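The two complexes that follow have chain A in common; it is paired with chain B in the first and with chain C in the second.
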Partner chain A sequence: MNPAYVDIIRIRFLMMLAYRVNYYSGIIIYAINIGAYYFLWQAIYGNQEVLGGFTINQMTTYIAVSWMARAFYFNNLDREIADEIRDGSVAIQFIRPYNYLMVKLMQGLGEGLFRLLLFMVPGMVVVCLIFPVTLPTDPTVWGWYLVMLFFSFLINTQINMLTGLFAFFVENNTGLIRMKRVLVDLFSGVIIPMSFFPGWLEGIMKWLPFQAITYLPSSVFTGRTPISEAGAVFGLQVLWCVLLAVPILAVWRAARTRLFVQGG
Partner chain B sequence: MSANIAIDVDRLKKQFRVQKNREGLAGAMKDLFKREYTDVTAVKEISFQIPQGEICGYIGENGAGKSTTIKMLTGILVPTSGGLRVNGHIPHKEREAFVKGIGVVFGQRSQLWWDIGVIESFQLLRKVYKVPEAEYRKRLTELVERLKLADLLHRPVRKLSLGQRMRCELVAALLHNPSILFLDEPTIGLDILVKTEIREFLKEMNQEHGTTILLTTHDLQDIEALCSRVIMLDDGRIIYDGNLTDLKTKWSKGREIQFQFGTQVKLPQLEQLTAGLEGVQWKLVNEVTAVLWLPMAVNVSDAMARVVVVGDIRDIKIFETNTDEIVREIYQTEKTPT
Partner chain C sequence: MFVMGLFWEYMKNYAKTRLTYRADFWIEVLSDLLFQGLNLIFILVVFQHTDSLGGWSQAEVVFVYGYFMIPYGIFNTFFNLWSFSERYIVKGEMDRVLTRPAHNLVQIVLENMDPPSLIGSFIGMIIVGISWSQLGMPFELLDLLIMTALVLSSVMIYAGLYIALTAVAFYSDSPTGILPLMYNIQNYGRYPVGIFNKTIRFILTWVLPFAFVGVYPASYFLERPGIEGSMAILTPVVGLVFLFIGLAIWNHGVSRYRGAGS
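What follows is the complex of A and B.
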């Protein structure tokens, strides 16, 4: 592997540090989201003990963990790629001896690592102080979860890349990007866990990659999915990772021959 | 193919499919379901060869196909048909191996990372191109000294002026010591000082390292200062390929002689002097100064002999038509179908 990829992670990390206002506002937005969903679920549960297979405590933990995970796997690579294609600067990427998609992945990773260390970890401490979140004590759960979190990042990034690369084929894919964002938030289980969906929709969701981003790993972490099944969940993530690579490479190949550098 | 051919282009063609937008609401609805495309041929089967160590200027109007050619030569675009070999590679097929041997500067696009210091960009490029540390140091010192960049190295790229940025772009393109350098409008928007500096620098690079340079430009002074050869493109076809002097003699239609007389002169009086010389034209600049335009067919000495009989001539200047005018002339004549 090209040693420059590691540097790309580092540089993106430094760039994130340079834009500090984004960082602070991010913390506030996530705190508000977690708080809002916490109170919302409190109201929904009312006097009930269990809903959709979640106890209120599991639900609180699920929300906190899912949002924090989102901080790590979330990135704007779809928009970045689409912008670079639209303004033609993607051309510059072709004259360098590296793989553009790999560079993008590394940039996303740099961003993710930044948020993991400076956002997720301190954020989680604060959340644990305010809300009744119970984190698992079993180190194997933690170990599994961290690996799965990385694959959440990979799958989400792959979906982002695929969306972004569509800019090669349609003049404006802003609508597509927005739609994808809503789909991912809704169907990955950040907003509502999958088990709350009607049966038929939950059935469809099982065949889509979104649940592998948040719902499955968070379920393992909160203990709703027993640790003995963690291997199966992880296997599903790897499978999606491989499956998603296929259309990305196909689109990338096709794009190379029809690359139209805008602006002359 | 001979070994010392750096760029070999054989009937290269590039066609784009451009989406047609139909008019009105009904047209837009139709577009939603069935798109119509038109084929636009940007480069129409051009052929040329550039030997190693040559500086070649690639000129033409906007939209003539210059940038498209450069993008094919650098492996960014895939040609529709035709043969292409640069440095012995087929650019779009062996992209990663190929791009290690070339350097590219796009005047209108930065290839430095916008938010980080210049030196960080250079270091990243060192790793991207896998340049050994010692070699990188040596080369960077040389380039930084020559382009006087030492003060700028730690500034972020977005805080550089265009001239400063352009010099940094050159360093970025040359750090891995490429044997071919592609420059797409490298002097666009720069002031005359920076332009001269960049031209000087390119000339030195060419002489010392034997770097082959292909540059597109709208500034013909770039060509005059640098290029031993010019390829002129119009509407996707090569309309001239040769050296600059030949271009001038081939296309230049005439020259001008300016006379400054001791006494006041009148137009009819002057016209009478040159009566009989085919195609000459007089123009009064002021009361004592007149300009005589001579077509190529008329000898300068013949015209002078006619005029000097006036006796009281203070000054004579001969103006050759400059390249700008010649090129403008060519563009205009090529526009009107013959």
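What follows is the complex of A and C.
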């Protein structure tokens, strides 16, 4: 592997660090969102013990950890790639002695590292102080969760890259990028856990990669999915990670021959 | 009249720029609606598992949501001021605005108009209509007039709050975090405030009165007993007060404006 990639991670991390103040308000925003859903779910449960396979305590933990995981895996690689294609600077990237897609992934990793250490972890501490979150006590749950969290990041980043690369084929894909963001938030389970959706929709979602971003890891974290099944769930994540690499590489190959720069 | 003429010219300009990328324009409108629809989907999905949300039925909660979409769409159309600080203060475009005859806020509003947001208001009206008949409420012409008045008041609250917050750019160099913060707090106003704790309820009523752009005015039509229904009549008062405060802060801010320098 090219040692330059490590530097790319480092540079992006330092760049994010320079703007860290923006992320302090981010923690408050996420806490506000978690608060809204916390009260909503409390009202939804009312006197009921279990809904969609979650107890109310598991649901509180689910909301907290899912939003904070989003704080970690979220990035704007889709827009960055689309912008570089539109203004033509991607052409320079073609002639450099590295792989453009790898560079983007590494930049995402640098940003992810920053978001993990300065956004997700302190955010989780804040949220645990405000809301009655029950953290798992079993270290194997934590171990599995951290590995799965990394794959959440990978899968989300792959989906972002694929969306960004579509800028090769359409003149303007900001609408597409926004559409994708809505789909990811809805189907990944940040807003509603998958088991709450009507059966037919849940059936469709089982065949989509989005569940691997939030729903699967968060369910393991809250204890809804027993730890004995964690291996199978993780396997599904790995499978999606491999499957998503195929269209990305295909699009990348097809795209290189048809770059269309607007006013570059 | 003069402002209406300006409005029309800006409108024509807007249409020309946006329709250059026609397919993308529609995808953007659609994704915008989907984004707003996320909360509606949330409501519809969770009501498959429960009959009431803090004592409110599904049709009632959907009604509140539909009502909320109407002022929200109008607000988004005219007060699309998210990038005010960068565009007008940092880049100094405020200088250009101030040398022209129309009022500076009017110009800024017109330059940043986003008419597609009105589609959200129309969908809100449809949702209100559907849940109105589901709830079997009688409909009178007076209701329409009251609804218009309440919606306008709600828009005034939104406008006042955001004008005040946008005007912070005149006083501080980097107010970046405040607007997104507000944007997320307003989510609370779409749901019955009774489900929140006392502190949040107080904030939503008196400090950042987002309850007055959703649940309070909508409760008037639902004839809810208790606090929500009785707060509805205060909506126009709160609207006037907040719009006045917003404009005062704005005008004071403009008088402090010294240009970007370079």
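One rule holds for everything that comes next: the second predicted complex is superposed on the first by the 259 of 264 C-alpha atoms of A that agree within 3 Å, B and C clash if a C-alpha of one lies under 4 Å from a C-alpha of the other, contacts with A are read in each partner's own complex, and residues count from 1 in each chain.
To be clear about the criterion, contacts are C-beta pairs under 8 Å (C-beta built on N, C-alpha and C of every residue); 3 or more make two chains touch, one makes a residue touch a chain.
Remember, it's a predicted structure, so these values are computed and weren't measured experimentally.
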* Is A:Leu239 contacted by the first partner chain B, the second partner chain C, both or neither? -> neither
* To do: Check the residue A:Leu208 against both partner chains and state whether it touches chain B (first), chain C (second), both, or neither.
  => neither
* Could you look at A:Ala36 and tell me whether it touches chain B, chain C, both or neither (first, second, both, neither)? => second
* Asked: Is A:Leu135 in contact with chain B, with chain C, with both, or with neither (first, second, both, neither)?
  -> neither
* Asked: Once the shared chain is lined up, is A:Ala4 touching chain B (first), chain C (second), both, or neither of them?
  -> first
* After superposition on the shared chain, which partner residues are touched by A:Ala250: those of chain B (first), chain C (second), both, or neither? -> neither
* Asked: For A:Glu171, is the partner it touches chain B (first), chain C (second), both, or none of the two (neither)?
  -> both
* Asked: Which of the two partners, first being chain B and second being chain C, lies in contact with A:Met15: first, second, both, or neither?
  -> first
* Structure fact -> Partner touching more residues of chain A, chain B vs chain C, is chain C
* Intersection of the chain A residues that touch chain B with those that touch chain C -> 171
* **In the complex, chain B residues that touch chain A** => 16-17, 19, 62-63, 67, 71, 74-78, 92, 95-97, 99-100, 102, 104, 106, 108-111, 113, 115-116, 120, 123-124, 127-130
* Along chain C, where are the residues that touch chain A in the complex? -> 21, 23-28, 30-32, 34-35, 38, 41-42, 45-46, 48-50, 52-54, 176-178, 180-181, 184-185, 187-188, 191-192, 195-197, 200
* What does chain A use to touch chain B in their complex? -> 2-4, 7-8, 11, 14-15, 18, 88-89, 91-92, 94-98, 171, 256-261, 263-264
* Write out the stretch or stretches of chain A touching chain C in their complex. => 21-22, 24-25, 28-29, 32-33, 35-36, 39-40, 42-46, 48, 51-52, 170-176, 178-179, 181-182, 185-186, 191-192, 196-198
